[in-house]
Amino acid sequence: MNETFFWWKLTIGVIATIGLYSVLYRETKLYRFFEHLFLGLAAGFTLVALWKETLKPLWWDKMTGSATIDPITNVSTMDAPGYWVYGFLLPIGLMGYLVFTKRHNWMSRIPIGVILGFWSGQQVQIWWNRWGAQIYSSMQPVWPTTTDSFTRPYSADLPAPEQAYIAAQLYPSQAISNLIFVITILAALSYFFFSFDMKGRLLKGSNTLGRWLLMIGFGAIFGSTVMARFVLEIDRMSYIFVEWMDQTGKMFGGG
Amino acid sequence: MIELIAQAAPEFNPFWGTEPSPEAIWKIFAAIAVGIVFMFLLMRVPTRSRRSIVMTFTFLSGAFYVVYYLWPEPINRGPNDAPSGFVDAGGFFLQDALPKVADIANVLTYLLLCLGIYSLTRIHLGRVVKKQKDWSFSVVLLIAMVAMIAVGYWDYILKEFNDPDKLLTKAENWGGVNYAYDMLFDGLIQQMDAAMFSMIAFFILSAAYRAFRIRSIEATVMMASAILLMVSLMGAVDYQWSEIIKGWTNDQPGNFLNNFNLSEVAGWVKNNLQIPSIRALEFGVGLGALAMGLRIWLGLERGGVSV
Amino acid sequence: MSKPEKSFWEKAQAIDRRVLYAVLIVCTAISLFFKTEIPVNPDDSSKDLYVSLMTIDPNKTVLIESDWTNSTRGESAGHFEALMRILMNRNIKFVLYSIADPQAPQVARDALLRIQEERKAQGLKVYEPWVDYLDLGYFPNAEGHLQAVGNNIRTAWGGRKERDEAGVERDVFTSPVLSGVRVVGDASLLIVCSASATIDIAVERLYGKVPLGFMVTGVMGPNALPYYQARQIVGMGVGLKGVYDVEYMMTYGVNYRVEGTNKPKVSYREESVTIPPVTEGTTFDRGARYFLPLHVALALMILAIILGNVAMFASRKKRVVA
Amino acid sequence: MQYLDTGKWHVIFTLLLVFFILFNIWRAKGKKDMFVRRIPGLNAIDDAIGRATEMGRPVLMVPGLGDLNAISAQAINIFAQVTKTAAQFGTPIRLCCANAAVFTLAQETIRDVYQQQGQIERYDVDSVRFVSDRQFAFAAGVSGMIHREKCAATFFLGEFFAESLIFAETANAVGAIQVAGSTQTVQTPFFIAACDYVLIGDEFYAASAYLTREPVLVGSLVGQDWSKIVVAGLIILGFVTNSVERSQPATQKRVDVDATADTEAYTTWEDVSEPWENGKPVLKRRQDTWLFKQFNPFIEQEDVIVEREQRQPAEAGEGS
């Protein structure tokens, strides 16, 4: 049973994959079929997960609490208290459903207002956690602490104190890189000034420079993202040509 | 160990929290009832005060996190500590309240979910009834949806309530429903996810061929850094290049030329050009979010999404 | 005036995108069947991650946030499997949980099972649930949950029960894995194996409370890089290159000199560290299998860009002449 | 007050930024047509809609995949502006959502727009639709729709992830004018590669101010600029002082002690044993500098010891 089932599962997966890939050729009836199948299944799964994964653990269980009854002594111990006030959330949430009514549609803004309110409050709270360390790490020293050599010498074969000393130093090459770092961040920052006109050579220049530097950044992102995308395609190929074929071999090749 | 067990026992405020028991259910119904009454009261309010009502809800929810942030955080809190003084007590309260408050937004979001499914079903039922173009595909969609719901919940009930010894966690004990569910979910949904996702690779290729042209300085620098990164990701090329450099430097690790290894150069570009430029951009976005958050929280905007 | 014959380059410029698609499919599919070991120089971020994984206190627990699903199997599965192999080889206890997606726990479970089978076949120690690792499953509400974990892990995970070796359901904090953990900082490391923006949440909510390490897809790499540069995380493996880096370091060690060679295959900037190769169990796996096809794909990509530009210029010149 | 978790500094700094924004919003009250720098992507909106009207094809708007937060709210704000124009021309619109809460908000907002334009009879409830909350089901659905309805103009604004390029390339295949912008920096390059107009980073938030010139919005934009200037200033101050300090000889070294099972992390100073290393003075390390101390507050061991009397375990867990 299991092997056969597994093969069917793989096979159907392969067919579905090809069905969706068909849109690469043209938007055909085949694609349309699998698209709607996908949408339907996804919607169905959403409704399953709605209770199973979210409302039950997040809302129902916490509202009712939980207790275990000891089979021997038959004494019930509370594991988690029930927070009955969670019940109040149901009507609040249901107000959203008034959006389709003519007269009370404004009330749908109440749950939305609450959700947006929480999000907004958090912004104040997380700003520093996210940016503080990054502001600090942008304050890079740009003055070399030593001029013994231009770049950091290779210290693998030196005694420990020497290594420690070299590790602690800031060599000119690094200092220059740091300077470039600081200039880049300032230039890029200047590109995002909206409320006043960028007049004067310096501001205009840094604005343009900022845009170019941003493009370099985007290029780099593009480069490393491309890897991820291709790997997924490769993984699909391996799904079809390696896994499915292996399983098919096992099924029919007497394996 | 004792201390840990003591901690494992839950703490709760006897007013909000109740022992799991039949009467708890009554309290819950009471809460729901109060909510519904409240809802009907809201339906009566005059048009002019609506905005302020919505704003109050928004403000109160935002205020919690702001206060949580500004209030001194109680440190080094032991499992059975009693607060020392008012500030500490406030800190304790906020700390305990946080997880519950964090739930509210999600519960509300998910309570709204059916609204989305309603819209989807509406559109496709309409198509079927009106026999519009492609109505047959809408039938496929609806059937798939119903099937998934039925199988999904059946499987869930079997696994959740009729399986005390967790036998169904192993495939060999499965029945037809469990197989059906696995087929629909693992066999179809998951694979279709992956298929759609992997399609991006093709689009990238064609986009690169079509759009990555040396038209302006911007386009050129973007292309150049993209290519540099891609080459540096090709381990073999990178390695061969470093071998060549080893040849020049006759394998002196200290030699300056070693900085021209592809991975070194790519790393340098990332660290000194990508990170700062993107970081500057992100600062802007972060500030934008902060500002937008403040405007929403304090209800300063009018029109658009705000009343 | 008669329309001039289209030149090769003009045709090339107007090439049907489907041709490109076909080429990509064929090339990657074929190259999957060639197995070769490709020499690399691992990235610093991968080295940092691997070194901290190999040097953390084996008696402390590692928390693993597994936030990937089948759709990013290509990269994330490689990361996760490598992580499992490392932890099991070092005999470190770990906790699995997910916040990104309800499916994430199942996918992680399957991967864990694969590794278990593999190790059983190789006659190595097999991890026991409750004793060696805990599988806490999915926690909805990512932000809220990590906030709660950072603020008090014992209340955040307090309610969870698992079956102990005797099959009795008990609070997870009574298990050997978590019994030593009072605050999240008591864990030696939190590894986020993610394909989504949960890395931002992790930094926002947990930075400074526990050392963070990332294993992310190539897409999230650039997102995570600033955190690495700002030392908010100890290290990270990015994308398939990251997977292959780790597999490569497992095979050849770090700063590890084989007799008769003056330079190690993989050298690390902190010369005091020396990590011998992993001798038991599999080292090269998914990363090694996909690395060659990746080369082919990237080469295609670069070729496409170059051809695109050549075509543009060539046809432009022709137009000037005509 | 014990701000031992992260130090006082960040609270003050955050409050400063908040003050800047609010102060400028207050300052802007009643002012007319304040300056906002040109944002090319947004000037394209009218042409795009005009084109759609001529071809009689729909305008597609997607507020991204994100949950209901300021980002999707902002996207819908922009779409409200787009819809205004579309409503006047009577151009059909499609707004596809991947999140039910966002869908609710969009539904409500778009209806308001038609109402205000006095075009309520042109408003079709099904033009704002929920497709799927599953990323790639959503991608499949939307790209199928782009193919079938041959949308003439597409607006992808909000939190986009992997699906961004699927949309962009599909829309390109049917020859639509595309305006795109994502707060997800990682996706921006793909939009740049495939779309006609792209809002980069912050421009997305500036958009509604640019389109409406509402004093409140422009005011907060000014506040954001002030904050950026402060950040820039901080960075400049930082690299100067760091550069100076890093070349000064150190007398003390900062030592951070990690949190253990029974105490929080704390910090102490340790005297430098020999101020000279192989003939050169020992210089301050990164963590010995003044600024580092500001960003990583210096917490003495005694600060982290808090005396609290113990509750009775019975009280601790009622019913246990």
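Every chain is named by a letter (A, B, C and D) in the order it is written, and numbering of its residues begins at 1.
We take it that contacts are C-beta pairs under 8 Å (C-beta built on N, C-alpha and C of every residue); 3 or more make two chains touch, one makes a residue touch a chain.
Predicted model, so just to flag it, every value in this text is computed and none were measured.
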{"item": "Busiest interface, counted in C-beta pairs", "value": "A-B"}
{"item": "Relative to chain B, chain with the most remote C-alpha centre", "value": "C"}
{"item": "Most centrally placed chain, judged by C-alpha centres", "value": "A"}
{"item": "Separation of chain A from chain C, taking each centre as the mean of its C-alpha atoms, in whole Å", "value": "14"}
{"item": "Between chain B and chain C, centroid-to-centroid distance (C-alpha), Å", "value": "20"}
{"item": "Gap in Å, rounded to a whole number, between the CA centres of chain D and chain C", "value": "26"}
{"item": "Centre-to-centre distance between chain D and chain B (centres being mean Cα positions), rounded to whole Å", "value": "15"}
{"item": "Contacts with 2+ other chains: residues of chain B", "value": "10-12, 19, 69, 77, 79, 101, 103, 105-106, 108-109, 112-117, 120, 134, 186, 189-194, 196-202, 204, 206, 208, 210, 212, 222-223, 226-227, 230, 233, 253, 270-271, 274-275, 278-279, 281-284, 289-290, 292-294, 296"}
{"item": "Chain A residues counted as touching two or more neighbouring chains", "value": "20, 23-24, 32, 34-35, 38-39, 41-43, 45-46, 52, 54, 58, 66, 78-81, 96, 99, 106, 109, 111, 115-116, 119-120, 122-124, 127, 129-130, 133-134, 136, 138, 156, 178, 182, 185-186, 189, 192, 214, 218-222, 224-227, 229-230, 232-233, 235"}
{"item": "For chain D, residues that touch 2 or more chains besides their own", "value": "6, 11, 14, 17-18, 68, 70, 73, 101, 104-105, 131-137, 140, 148, 162, 185-186, 189-190, 192-193, 200-202, 206, 221, 224, 228, 231, 318-320"}
{"item": "Chain D residues touching chain C - in the complex, by the definition given at the top", "value": "6, 135-136, 161-162, 173, 184-186, 258-262, 265"}
{"item": "Interfacial residue positions of chain A with respect to chain D in the complex", "value": "20, 23, 27, 31-32, 34-35, 38-39, 41-43, 45-46, 77-78, 81, 96, 99-100, 105-106, 108-109, 111-112, 115-116, 119-120, 123-124, 127-129, 132-133, 135-136, 138-143, 145-146, 161-162, 164-165, 168-170, 178, 182, 185-186, 189-190, 192-198, 214, 218-219, 221-222, 225"}
{"item": "Chain C residues touching chain D - in the complex, by the definition given at the top", "value": "17, 71, 180, 182-183, 185-186, 196-197, 208, 219-220, 222-223"}
{"item": "Interfacial residue positions of chain C with respect to chain A in the complex", "value": "18, 21, 24-25, 28-29, 32-33, 71-75, 102, 138, 140-141, 143, 158-159, 161, 169, 171, 200, 203-205, 207, 217-219, 221-222, 226, 229-232, 238-241, 267, 271-272, 289-290, 293-294, 297-298, 301"}
{"item": "Residue ranges of chain A touching chain C (in the complex, touch as defined)", "value": "24-25, 49, 52-54, 57-58, 66, 68, 79-80, 122, 126, 129-130, 133-134, 136-137, 155-156, 160, 163, 220-221, 224-235, 237-238, 240-242"}
